[in-house]
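Letters are used for the chains, namely A, B and C, taken in the order the chains are written, and counting of residues starts over at 1 for each.
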Amino acid sequence: MPFARDQWYVAAYGSEVGRELLARTVLGEPLVLYRTEAGEAVALADRCVHRRYPLSESRLDGDSIVCGYHGFTYDQTGTCVFVPGQQRIPRTARVAAYPVVEQDSFIWVWIGDRERADPTTIPRAPWLADPAYTVVRGMAPLNARYQLLVDNLMDLSHETYLHGGYIGTPEVANTPITTEVDDEKGIVYVSRHMDDAECPPFYARSTGIQGRITRWQDIEFHPPCLYLLHSRIAPQGVYPPAEGPDSDAFHAEIVYAITPSTENTTYDFWAVARDFAIDDESVSEYLYQSNHTVVMQDVTALNLLEQVIASEPDKYQELSINIDTGGLAARRLLARMIGSGTVGAPQ
Amino acid sequence: MPFARDQWYVAAYGSEVGRELLARTVLGEPLVLYRTEAGEAVALADRCVHRRYPLSESRLDGDSIVCGYHGFTYDQTGTCVFVPGQQRIPRTARVAAYPVVEQDSFIWVWIGDRERADPTTIPRAPWLADPAYTVVRGMAPLNARYQLLVDNLMDLSHETYLHGGYIGTPEVANTPITTEVDDEKGIVYVSRHMDDAECPPFYARSTGIQGRITRWQDIEFHPPCLYLLHSRIAPQGVYPPAEGPDSDAFHAEIVYAITPSTENTTYDFWAVARDFAIDDESVSEYLYQSNHTVVMQDVTALNLLEQVIASEPDKYQELSINIDTGGLAARRLLARMIGSGTVGAPQ
Amino acid sequence: MPFARDQWYVAAYGSEVGRELLARTVLGEPLVLYRTEAGEAVALADRCVHRRYPLSESRLDGDSIVCGYHGFTYDQTGTCVFVPGQQRIPRTARVAAYPVVEQDSFIWVWIGDRERADPTTIPRAPWLADPAYTVVRGMAPLNARYQLLVDNLMDLSHETYLHGGYIGTPEVANTPITTEVDDEKGIVYVSRHMDDAECPPFYARSTGIQGRITRWQDIEFHPPCLYLLHSRIAPQGVYPPAEGPDSDAFHAEIVYAITPSTENTTYDFWAVARDFAIDDESVSEYLYQSNHTVVMQDVTALNLLEQVIASEPDKYQELSINIDTGGLAARRLLARMIGSGTVGAPQ
């Protein structure tokens, strides 16, 4: 299964990367992540050039990694600066260093031809590092191909069935969606505006709204990795004013980063940023627990689906309907990216 | 490895199928089994047409299954009667419904071309639902190909070595067998009549016989699935009368249904029906525990043998002797069935 | 991955082989080992000719093995002497018997063409059965290909990084080695002589030396299986006398037998024989625990490396430097052996 190379992917939260070595595999490439003494995040290929030992099983000496098997030592550019038993260091002794950008609380890495890496093309999720918002978040390793998570998130009608009692109500599955694709920018938009809906516990308990609501779900998917769900919750019939801030509504910015690890495993980074009750830790705790439960419901379902699909390579058939329009558009943009990327190992 | 399609197989005991969804895989085909409110057993393909989610992970709404992922709903014929977000149901939205017959306490399903399904061809095991008999039974999942269980059951000389202390005595391995094959009806008969044999604990404790016995084992194998062992136990020298009932002997009807699940896994359904001590629950308990132990001795041995055979595809060699005549005949009938079945997915 | 056939391999310690059946797989060939009533070690192919059941799951009757499934019985030459249900024993009913030599506490078996088996070519490790030495030893199953263990042992500079605090000090990695290859006899010699080195705990606690040492490591590898490390430890500046015994030094004879089990698993037999403190059980206990810890550090690292290498068949690249000279020579001799061996199953 091909991946979309020459793209930025979230490898970790910034808070995960420090002076302990962190191993992550992105698009099948093993990385070791750490932070220099000056605080800069570094991503190197996680294999010693000598005998392929994982550098993540090693230790830091200042800003350099000392391989735990025979002591080959690499600086933060991946250049080998020490080998045992001799003075001369072979000219080819270096490991790949990956372009890294720390932004919006994420560590983004570029997988592909590093000459093509342009940090200005990284899509934004500013709420995650904005003091006007309070954020809960986590990361769930998924034993399923990333496409299943893309399908899952692009079609929220599953909330009604898989996440009933948390975020799903009958109106989600029953309300038609509108889908738009910006082919030039490579973004898929899916909107579902429910004018008169039941308020699910996730929002009832966190906002304090009693009674029915007007609930908007506006998705932006920036393939291959960043998924944004702008969630607007208001008492039934309350719409944004013609001018000025939408202060009678509650806003949650739900962010997912979908990072393929291997063909059949994925990192599922998730965050919920809110502009209400921002100092209320009980709301944070409630939203964390609820969204964690919802994510794990997805993880259980998608891990099962991966087993199903992996077991029936020849018979794998689908039937798509209107709710799948966004997911199919996402597949199309991903296929285009896969077709236009570089091929082979990083330089 | 091919299976014999266009055949009836036992998918479950009738008592296992109710208002909870039951997943079983037969000949590699995933099934979901349940019973309608009117009590009829139903077997549908266990994959939603939308995104392949297992319907067995879903719930019943009346006689219909509501998919747990996006709510696609199927009635007992497999026809889709609801999809989310739209009124129109695609014409091709249906899952396969398998012919089902409930008989002799078993749920039989037809795997193959449903036009060829004829319930009158299902072989019988009437003792399992006859009040004149008391039955103990169980089902053991086997991590081995079904052929190994066929081999095992067709050659009971292994009782002496693998089941000593339960059902094996020296006379089983030492007494020659007679084998007959009815090619037209597709049945293999193997008989071993021991005139003067030690009585194994299985029969000594359940019948109360003291001293040596005359022990007859008469096997009928109806490939691919149903195996019957007519076991006659009597005090040494007591034979059936020329006329009238054989009332001085004890009869146990040992029934196995051998259902291939995948290439390397099998459902081993087993039952012991007896015409003696039919109201004695301590005898039932003893025979249940003993036969369960015997079945698990077979399961342990066959699971090990599966690992051996799977590890040596090139070197796999056998040497057959007289005791294998019945097993070789069974293989021949199975090979004939495999050759004449339909190929491909069910309609 | 090919193995070097027509060679002697250590299948077990003599102390492991007795009247209980022992299963070992060597070069992918399953063996069952036992000792006759007269005390002779026997190695037979661990598969019944009838239906491939492992004979190691069976029982001994005198010097014969009775298969646990149907009772086929083999004497110590592998000849079948009983089959159930008939008098005639098929002429081809025999399992392979492997040439066995018990020497230096090891059970050596010949894998290959038995006509080529010559016991005089088995390399020696006489300290393991010499009363002038005290021995601690063990066997660790390795989930890694044997070549990784050969690499590991031929380049001891890894002691500094992987075994620091036990046997590694900075001088090991920093002192150059000398390597010699005897192509005719098929032996690789690697020597590292440290004139002025820190004394690692392994030797400080066992010899009682305080202060710095002169430490010699002289390796002899007799491919494919036997690895000897002659370790000489003396107070710094103490060298062997021109004549007479080297009685001011401490000698440890470290022996490994590297036996490929399957492509990706290996038996790692290890022993430490010493000529000092030979009656001090606390030294034995300390050296056993320390060397066991060191072996398990290698096992952990090599099991990890096996996973790395198995996951990247296409990208597997190495970079070799001076310390690898011995390992590369060992690979060359092994490749030569693999090229000249017989092909196929044993007779």
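In the analysis below, a residue touches a chain if its C-beta (ideal position, glycine included) is under 8 Å from a C-beta of that chain, and two chains touch if they have at least 3 such contacts.
Bear in mind the structure is a predicted one, so any value in this text is a computation, not a measurement.
Because chain B and chain C share one sequence, their contact can be compared position by position; here under half of the interface residue numbers appear on both sides. Chains compared, chain A against chain C: the Cα-based superposition rotates one onto the other by 120 degrees, nearest 5. Chain B and chain C have Cα centroids separated by 48 Å. For chain B, the set of residues touching two or more other chains is empty. Touching chain B in their complex are the following residues of chain A: 151, 155, 157-158, 160-162, 173-177, 301, 304-305, 308-309, 312, 315-323.
The touching residues of chain A, counted against chain C in their complex, run 47, 49-54, 57, 66-71, 83-86, 90, 92-93, 345.
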